[in-house]
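In what comes next, subunit A is part of two complexes: it sits with subunit B in the first one and with subunit C in the second one.
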Partner chain A sequence: MILNPWVISMYVGILGMALLYSYALTISAQIVRYWDINSMEEGQLILERKSYLSSTIIQYGLGIEIVSIVLFYMTLESMAEVIPGAMCATGALKANMYGFPALFLKMAVAFVCAVWIIIHHVDTKLEDFHLTRFKYRCLFVLAPLLLCDFALQFLYFLNLDPNVITSCCGVVFEIEGEGFGSSVASLPPETMMLTFFISIPILLSMGYFLSTKKSPIGYYLYSLFGLILFVISILGIISFVAPYIYEMPTLHCPLNIMRREYHYIGYLLYAFLFIASFFSLVPGLSEFLKRKGGQIQNVVDDMQRKSIKISIVFWVLFFATSLLPIVLFEIRSEGGNLFS
Partner chain B sequence: MIRVVKASKTYNKGKPNQVDAVNEVTLHVARGEMAVIHGASGSGKTSLLTLIGCISRPTSGEIHVAGKTISRLPEKFMTMHRREHIGIIFQQFNLILDLSVEQNVGLPLFPLNMSKTLISERVDHLLAKMSLSKRRDFLVKQLSGGEQQRVAIARALINNPEILLADEPTAHLDTALTKELMETLAAIKKDARTIVIASHDPLVYNHPFVDRIFEMKDGKVVEE
Partner chain C sequence: MNRYLNLLDFTIHSFFRRKGKNISFLLLFSYLVFLFTSVLLLTGAIKKEAQRGVNALPDIIIQKLTAGRQVPIPVLYEKKLNDIFGIQRIEPRIWGYYFDSPTQANYTIIGYDSHKTWDKELGLIVNPGEKGANLEKGEAILGVGVAKAKHLKPGKQFGLHTPDFRSRSFDVVALFKAATNLHTYDVILLSTKDTRAILGVEEGFATDLGVYVYNKNETTTIAKKITKLLPGIRVVVKNQLARTYDTVYSWKSGIILLALVSCLLAFAMMVWDKASGLSAEEKREIGILKATGWDTSDILIMKFWEGLAISLPSFMLGLITSYIYTFFLGAPLLKHLIIGWSVLYPPFNITPSVDFNQLLVLFSLTVIPYIISTIIPSWKAAVIDPDTVIRGV
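This part shows the complex of A and B:
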């Protein structure tokens, strides 16, 4: 076990989230059980007030859960100095078997939290509480995921051993190596670049189409494409964006790009990517919510248009930021090819 | 404009101190009418006004105000509806004594993200209408009862409401001021605003501009 201020605050954070979430679940249980929209009794009124307060708190709690990925990364960086052989966050993750699963699960949980926040947002705009019960039910679905997330992080930090030598990111993302990192790193960069940059016109034309025309299937496709693009983007970062940032064809680490040496460009990239993906989810998800009837239709139409606009802005920002190191390299090397 | 259908408000339901403050009340007030709810103290006038004014929710029944059914609305939307359509003059004025007249009158507009100049323009306009322009920067506690009453009216009108509710507005006024108040309300009525006054003051319910009188007794409207 390793203890430093980062790790301790990580423990405290997990504990705090767990407490908050237990509170959320007790309220949820009451609401799922006793909620009766047709009742005008005092009990229902109290429940509505409780729901109003607690869902606001839960919303921020889940928001923090999303942002805590950054904290997790910073903690990893702080550990990299302590764990022999680690040198960077990737190495720290590799120090035991829980590291990478914890990170991946955290990303998946972040998306589920985002989905909940969107549902909640729609619900607050409805005058008939149409989604209230549904959104509290969803909290129960989220509970096991969050529990696994807390558990994995706990296990990861608990099992860190300063005496075990780990490998650094150079090995994890080695082209001839084994494992997920290496297989992504050995994807042909040219193909990846093509896929990556061909997505822009596809996305823009989808967005343009949906801004002129309402199409339920279009909204679903847009969100689906957003998810696919998220995966392509992560692969793209590993495959060629990171090497261009390092100006080294063999360095593929997707985490070191957040370091100061690289002007924190990684933070910018991931922030744009996450925000863009988040807003890409909205059109499809709200289309799904529409099927629940009530007044949702009117509220959601406006949201869909807005979120498509916002997501396109952030996708363009993300692509521009990914393009930047490539352009800079081309200028400096007068048109050289990094990968040949 | 206001339609109440079999609305009830029960306090402390199911407990020994249960009170049926409003009991299956049905009433209707059309746009531009002035109505008076008349009844003894404790007959449920204030409770009924809070139901119409989107301040509390009925225990049963339906209430439609300014084009919306408010009896089952979440509190947040009730507040929004109130801000948009309803002005209320409370029995105790509910003014903030240590703020100036201008601040008191402009207060309801602060949550609406309105520009300072726009708020100030509206306040000026209303203060002139209520003959309070010279008192603009006075603290409310420095004003006489009649002046405080007019500040309360100005504040109730600041959001340009279609409906004005007043709870015992003459309780603290002498005869002359009561007559003055009724003239003011009559002038407001001429702007096609709907007015509902709870009062047991003959000077109020006998006023020629009153279109309807609802007689309340033990939570019920017994006579129109």
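This part shows the complex of A and C:
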């Protein structure tokens, strides 16, 4: 068990969130059960008011969850000084079996919160609150996720043993080593670069086309391609962006790039990537909402166009940010090849 | 966007309409932020300072144990280690603590051999203009703290006792620079021979052996080999020491923060109470706003801005005062709580350092609980029915 300011601050945040969320959940249960838009009774009025509260809670919750992810990363960095063998967050995550699941679950929670906010956004634009019952049913999906998030984080810190030696990111992302990280790091960087730099223009032109014309299949494809590009980008960061940032062909750690030595470029990179990927998923996902009927069609159409525009902006930003270290390296080395 | 800005504008104006109440609240909140920040900044700085101290140590320290207690180690042990590959040099260190009864304080006496090449850097840490790199028999270099406690300055003499109560006198030839205070404040540097006499370490023995290693990655392996070669010894590895310091200070600050979290909870309760206990005037205001066409969500956004308008300035204020308290005033009171206590503890200046990580931790420890505790009260305010309020029911 490790107790330091980082860990405490994480608990404070997550506990506060859990309390509020459980309150929001009781409200959702009432809404799912008693919601009747045509009723003129007092109960319905109270429910309508309460629905404001639970949606506010989830919106704050997303913000807190994002802060919590960054905090988790920082906690890991501070742990790395204590855990033998670990030199950065990767090592700390590998220190026991709960590390990586905890990190991914946090991301999942943030993602679900964001999706929920999108549904909520559509719902508030509808005059007949057509989606209200549906959206509060969705809220129940979050309950087990949040619970697991809390449990995994707790288990992770509980089982963190400063006497167990863990592996450094140099080993996890070692070229021709064992395990998933190594196999990603061993991908040929030139091929990855080519794939990466070809796919982004394709997505952008697709987005440009869709922002002027609407096409349901196009939206699905855009989201699918956005998902693929997300995976390619993550692999790309490991296989060539990170080495360019470190200016070392053998260093592939995707977490160290968030350090101060590298001007926190990782934060920017990941923020752009996550926002861009999320908004490229929105058109496809919200296409499903159209089936709910009512006036949803128009509201969703509007939102799809908007989110495609947002995603294009952020993909371009991401693209530029990941290009930056490469360009800088080329200028410094006067056209050298990092991987030869 | 415009909508949000207009709401912000409105919030700021209403903030100043209730100046007294808001400002006293702001001050209280900044005090809380101040407490948290000071603990965090101070531990961060001390950790760095301790780290620097550890860096100056040999990579491996070998101590001899008899019956579980540390005893002088034969210098001959050095020879047995010659075969271990990767050792740069082994340095027998003679040093120890000396209780000085007139000043009722413990000093650290360190033996210094000016004939060994690696000790030549003395000139760098001793005040210039004094006798530098040579320390002959009967001469001493003092730390600032010792000089102060015994009212000495270069050129004067002072006496120390050997274990058999014989008195020896020493000339003060120089003082250590104040910049090295953390490490030299209580140090008396004597020649090796004199140190042996004062501390009673016999010829052929040393207090411990410091081992320097070429490749720092091999330290653990070399330490293991040493343990196998020499009987009855304890091996202290530098990295372990660094890690221990880190853990200890993190743990200490963790405990203090945990105590502060209870303050935080009390504060959150207060925030809740303040936010839910709307005055009749505030209720009226919200009622009128809603009657003039404001939506519930508009009021919620306004309340959000209101929360930020109080918490962000408090956060900044707390941060700045704490920075001044920690780095310019040297964190009185709090420092003793975290470092420990000792008669001659160095009044070192803490090097200012703040990083983004600390700021985020502080933010999530103070602002986020604040915001969380305002959600429900502001919702309660936002759903107020306009006609009931305006009618004054």
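The working rule: the second predicted complex is superposed on the first by the 337 of 340 C-alpha atoms of A that agree within 3 Å, B and C clash if a C-alpha of one lies under 4 Å from a C-alpha of the other, contacts with A are read in each partner's own complex, and residues count from 1 in each chain.
By our rule, a contact is a pair of C-beta atoms (placed from the backbone, for glycine too) under 8 Å apart; a residue touches a chain by one contact, two chains touch by 3 or more.
These numbers come from a predicted model, not from an experiment.
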Winner by number of subunit A residues touched, once subunit B and subunit C are compared: C
With both complexes overlaid on chain A, does A:Glu127 touch subunit B (first), subunit C (second), both or neither? first
So, does A:Lys214 touch the first partner subunit B, the second partner subunit C, both, or neither? neither
Classify the contacts of A:Met40 with the two partner chains as first (subunit B alone), second (subunit C alone), both, or neither. first
Please indicate which partner A:Leu71 is in contact with in the superposed arrangement: first for subunit B, second for subunit C, both, or neither. second
Contacts for A:Arg49 in the overlay, against subunit B (first) and subunit C (second): which applies, first, second, both or neither? both
For A:Arg137, select first, second, both or neither according to whether it touches subunit B, subunit C, the two together, or no partner. neither
Subunit A positions within both the subunit B interface and the subunit C interface are 49, 52, 124
Provide the residue numbers of subunit B that touch subunit A in the complex, in ascending order. 13, 57-60, 71-77
So in the complex, the part of subunit A that touches subunit C is made up of which residues? 2-10, 12-13, 16-17, 19-20, 23, 49, 52-53, 56-57, 60, 64, 67-68, 70-71, 74, 77-78, 81-82, 84, 124, 162, 260, 264
Where on subunit A is subunit B touching in the complex? 37-38, 40-42, 45, 48-49, 52, 124, 127-129
In their shared complex, subunit A is touched by residues of subunit C numbered 39-40, 43, 239, 243, 246-247, 250-251, 253-255, 257-258, 261, 264, 296-297, 300, 355-357, 360-365, 368-369, 371-373, 375-376, 379, 382-383
